[in-house]
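Here's the structure we're looking at; comments come further down.
Letters A, B, C, D, E and F mark the chains as written, and numbering starts fresh at 1 in each.
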Amino acid sequence: MRPSGRTFNELRPIEIETGVSRYAEGSCLIKAGNTHVLCTASWEENVPPWMRGQGSGWVTAEYSMLPRATHTRGRRERGKGASGRTQEIQRLIGRSLRAVVDFKTLGERQITVDCDVIQADGGTRCASITGGFVALREAIRWAMKDGVITKDPLTDTISAVSCGLYAGGPVLDLDYDEDSNAQADANFVITGSGGLVEVQATAEGEPFSEEQFAAIFALAKQGCAELAAKQNEV
Amino acid sequence: MRPSGRTFNELRPIEIETGVSRYAEGSCLIKAGNTHVLCTASWEENVPPWMRGQGSGWVTAEYSMLPRATHTRGRRERGKGASGRTQEIQRLIGRSLRAVVDFKTLGERQITVDCDVIQADGGTRCASITGGFVALREAIRWAMKDGVITKDPLTDTISAVSCGLYAGGPVLDLDYDEDSNAQADANFVITGSGGLVEVQATAEGEPFSEEQFAAIFALAKQGCAELAAKQNEV
Amino acid sequence: MRPSGRTFNELRPIEIETGVSRYAEGSCLIKAGNTHVLCTASWEENVPPWMRGQGSGWVTAEYSMLPRATHTRGRRERGKGASGRTQEIQRLIGRSLRAVVDFKTLGERQITVDCDVIQADGGTRCASITGGFVALREAIRWAMKDGVITKDPLTDTISAVSCGLYAGGPVLDLDYDEDSNAQADANFVITGSGGLVEVQATAEGEPFSEEQFAAIFALAKQGCAELAAKQNEV
Amino acid sequence: MRPSGRTFNELRPIEIETGVSRYAEGSCLIKAGNTHVLCTASWEENVPPWMRGQGSGWVTAEYSMLPRATHTRGRRERGKGASGRTQEIQRLIGRSLRAVVDFKTLGERQITVDCDVIQADGGTRCASITGGFVALREAIRWAMKDGVITKDPLTDTISAVSCGLYAGGPVLDLDYDEDSNAQADANFVITGSGGLVEVQATAEGEPFSEEQFAAIFALAKQGCAELAAKQNEV
Amino acid sequence: MRPSGRTFNELRPIEIETGVSRYAEGSCLIKAGNTHVLCTASWEENVPPWMRGQGSGWVTAEYSMLPRATHTRGRRERGKGASGRTQEIQRLIGRSLRAVVDFKTLGERQITVDCDVIQADGGTRCASITGGFVALREAIRWAMKDGVITKDPLTDTISAVSCGLYAGGPVLDLDYDEDSNAQADANFVITGSGGLVEVQATAEGEPFSEEQFAAIFALAKQGCAELAAKQNEV
Amino acid sequence: MRPSGRTFNELRPIEIETGVSRYAEGSCLIKAGNTHVLCTASWEENVPPWMRGQGSGWVTAEYSMLPRATHTRGRRERGKGASGRTQEIQRLIGRSLRAVVDFKTLGERQITVDCDVIQADGGTRCASITGGFVALREAIRWAMKDGVITKDPLTDTISAVSCGLYAGGPVLDLDYDEDSNAQADANFVITGSGGLVEVQATAEGEPFSEEQFAAIFALAKQGCAELAAKQNEV
């Protein structure tokens, strides 16, 4: 039995509301159960200096958590720069989003996707990727509607889900209670057409077996397919 | 004529929604027109080391803006620490809230009020004080209901409003368009019973006269009285 | 009774000695009682990159305290950057001095005013503004004498004074003993012709009333008029 | 054909020399082809403050590259702290080594494993894990020989290998030339008895398929088995 | 011929004024020609944590230059910490002063000597040592007069002077004009009784010979003897 | 008697192995007894921005110690920048190497010499200079062989040795045991033809006399002559 009462292969309820920011070119608030992430996509009509003149664009991401997104208040990441964990997550989000963008079609523009966690109940990096994609797509729609670009640079959709071994068996979409007690913790980033972009699985205590890994993998494919359907509904 | 069509002594529409955070002891989302600030109050059952053993508590505040709260994306305050502007605002918020707390009654506890600007259209520091007070009061209500404390340490309510000289005359509650073109810019922090806690007025170009200052001051008193009424409605 | 024996509306003895630095284009050592600040004005024949080509100049200020300017030794502001307090003061000094400079007349030049507190007995930010103006004026005289500029870009004089509520009543020009025990603490920056540039009043404990604010304000006007006379004597 | 002339499932020549440091309790120099990493294990008779009194130990790792380990000179990581990449690698090494240590048996001691890359030709994080384990085991042997501990806290061996998709097919143990041109890049950390500790696979351009992932996975299992044999020879 | 008209073995005029700081336990303003350094000695009734309980004291020094101490304005050392040059000088001053203090006699106390360069015309580190000793001695006299200590912990006097090769020959006490064009630059720190504490000689362009070094050394001994006499006059 | 059994004027066994780095243009591993330093020289076909267009080159050096080069593990210099000690050593190495390079002959190129201490038993800065010169010479030979430059910019050889007063008498080439107990510690940097580039002598406790300094100086000249011979053998 899972603490939330969900079945082993059941996602948390997902809600995605777009257009939540007055100023950002694309935005959404994604809620995966009690995990809430505000995603904005900011369009910039140029690229970093070292990329200029190559006719190619860029997508980058930043991730942060509000201090009281969690059970106990966390410190802001000032003074010492982003922590290793934050940087690891930012790089994963950026890499994942770039996997479905054709940069030649985008042209010399940069889109920055900011993922700010308002409330955290596990799975914030996956919600950031799934929501970040929606914000990115909104920004591209804005640019196409305004005639800034004429061809869609997106080649697919992308979403992410966590899975793990909890209480001896594989479960889909871990919340905080499960995550703190999992024997293994995995994140999968998968495109709408089923291509793999990132596979990360980590033993928290005991190593896990190939069979266990296969079971987790199967859940992730199912979960990402459901998330892709949700993204397309919006 | 003001860009928003408001009369010279008209506040923006104010909405204050409490209980917006699942984990914080007190919280609210305050909207002053298009300025939206998420305020959380975090209760901690001890004080900083240098205050221990004196039977007295503390209230502190932090302020931050999400990168895309504004028209163009701003950089996160990582690596180099909070900017001078951020620190000045944080200190003002903390000082203002402390003016209405009796620390002996609070006992050896610290409450941290986080003010995170989700969307900015001028007046973010004032909205942070007005909303921060509501979050602080919610946290105290939680503590009294839970029996953590038995007596209310709040001695009054507190709110803040900006005023300025715009297009030659005094106006109440500047939005971003007005703020960028004001000849003078002022912030007043006033208690529910009319006590002055902070008066700050700055000439942006030409110095201003005593008469102009008096006109602004009168508007501020009216505005804070309306905000106090709003706080008491919640 | 004030600890120093001064009457409630009496400034500390003011001495301003100019030409104290062999290298700076303008300089003075200002002594307001036991508060001593060395002010230098450094002339630079260009402006920051983002201001170039607009035919307009800039004045900026930096403020610092020697470690043993105070009763107990303070730490140098190395490693972590200027504190919030230091940045707040620097910005106030710069803003105040810029209020009396016509930047078109100055042309594309920057003047940096450094205010280094040699000895501190309260009121260091006000002494820095009053003395900083004298150093700035010396630098401008140097430039006019040398033919670097032909027209005086100064539009007025500027000075600053602190006031407060001490032992129940309003007092002018607080020293350290008074400042540490004041119920309210205020700084006023006023031009020679009586224009207001900055008004800042803060309750240290109890909020203060409008009447108390008016009494403080009246003292400040008198004090700044005396300081302006002193500046013009030099 | 691979640039090095190796077959698709061929590891680079591995050499592990132990006892290379006069002062460290355990040490080795591991060479995987032209990738050379100096690993030292430093024994400390206490644990970080937050772990004290629990009767349990800790293993942590640090990773760094000498500036001229690579084709062009890199900057030292001073001033700004370890980069995101460095922190990600350090955390992976530490997590991997901890997976084969029984901390109750170790007792309240900390072992720090430093992995300093002397020369880099791809696969430095995997060589650091494989070599880091040998240094860790040497330190434990030293402690058992000296009677500092009486029971071996190691529960298994651990090694790591990279695999990827290069020129259309799966290859084992990528060197720098392959790594820079791979379509997918993966790292596997596997115990001597075949338990999975970490699985990380990243698409560099196009997403990869489940079949491709399976092929890579098979190579990794073979590679880690060969590395485990090598570790046991030493 | 020297730019200043001095003979090759002539010190600049030296003035040392003590008691210049209202708060510091010891202080002096030393002027070596146009080089002016404010030295304060701050007495603290305890030592750093790692020295406690050993019955022994410590003397440490800090060095800094005001931004406009020099011909062109220098940047303050904020944000990035003290530069290599500053740290090297601070350590030299501290080491030099400690050479004439008996720490057992001082007891568990720390004296911090701050050397702040008000105006710089070469030789600031030597003036800091010579003046820093006087401030240190004043602090000790204060402590003995107040009965804080009963026995003088100073074992000797200490002073420092620079010498160099200028225009082909050895010269004593280089000013800025000479220092910028010297072929070799040396600093000597010598006790009142002629003991050597520090010898530092550096070739700026061509290496120098043993004979040249001997000539410089002879000048330094003469110079420090004159400085010691000056210190004893005060 | 010295702890190592060496006579007072005996160097430790010196080994210098060149060509130890696959990528660096010049490299060597120098062993002075148990002190081992890896030196690489990196050739760059341009100079820092502020040197461009003057037809002149530059040599710079960096120095670092691996964490477990010493008896107890040291912390890496991340986060806070290089320590004062490290910066002092880096500047000494760079200055010493530049003394034997003709920068006009080198042309607009920069060579960076990295000295990474693998194992430390005293005298690491001297070994870095002696080994750094060999790496620098290797890089220049590479450039001449490749036709990058046609004329040798080296004007001499350079080496360094430490000396000191130990157990009452002068000794050559202090190891760690001696260095920790020396009454005086000195470093000399001398060219192959006997020119003095740097003389640094420091009293650790008691000041030392002229006679003692002369004895140390004589040992240093002998030691550097032996090191120069060793450099020329390679």
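Note that in this section a residue touches a chain if its C-beta (ideal position, glycine included) is under 8 Å from a C-beta of that chain, and two chains touch if they have at least 3 such contacts.
Remember, predicted model here, so these are calculated numbers, not experimental data.
Considering the contact criterion stated above, no chain is in touch with subunit B and with subunit C alike.
Common partners of subunit A and subunit D, by the touch rule above, are absent. The pairing of subunit E with subunit F is characterised as same-residue: of all residue numbers used at this interface, over half are used by both copies.
Seen from the C-alpha centroid of subunit D, the farthest chain centroid is that of C.
Ranked by separation of Cα centres from subunit B, the top chain is F.
Averaged Cα coordinates give subunit B a centre that lies 51 Å from the centre of subunit E. Rounded to whole angstrom units, the spacing between the C-alpha centres of subunit C and subunit E is 33.
Centroids of subunit C and subunit D (each the mean of its C-alpha atoms) stand 60 Å apart.
The set of subunit F residues touching two or more other chains comprises 79-82. Passing around the ring starting with subunit A, then subunit B, and so on, the chain order reads A, B, C, E, F, D. For subunit A in complex with subunit B, the residues that touch the partner chain are 21-24, 27, 34, 38, 40, 42, 44, 62, 64, 66-73, 76-82, 112, 114, 116, 118-119, 121. Looking at the complex, you find that subunit D touches subunit A at residues 80-84, 87-88, 90-91, 95, 99, 156, 186, 190-191, 194-203, 206-210, 213.
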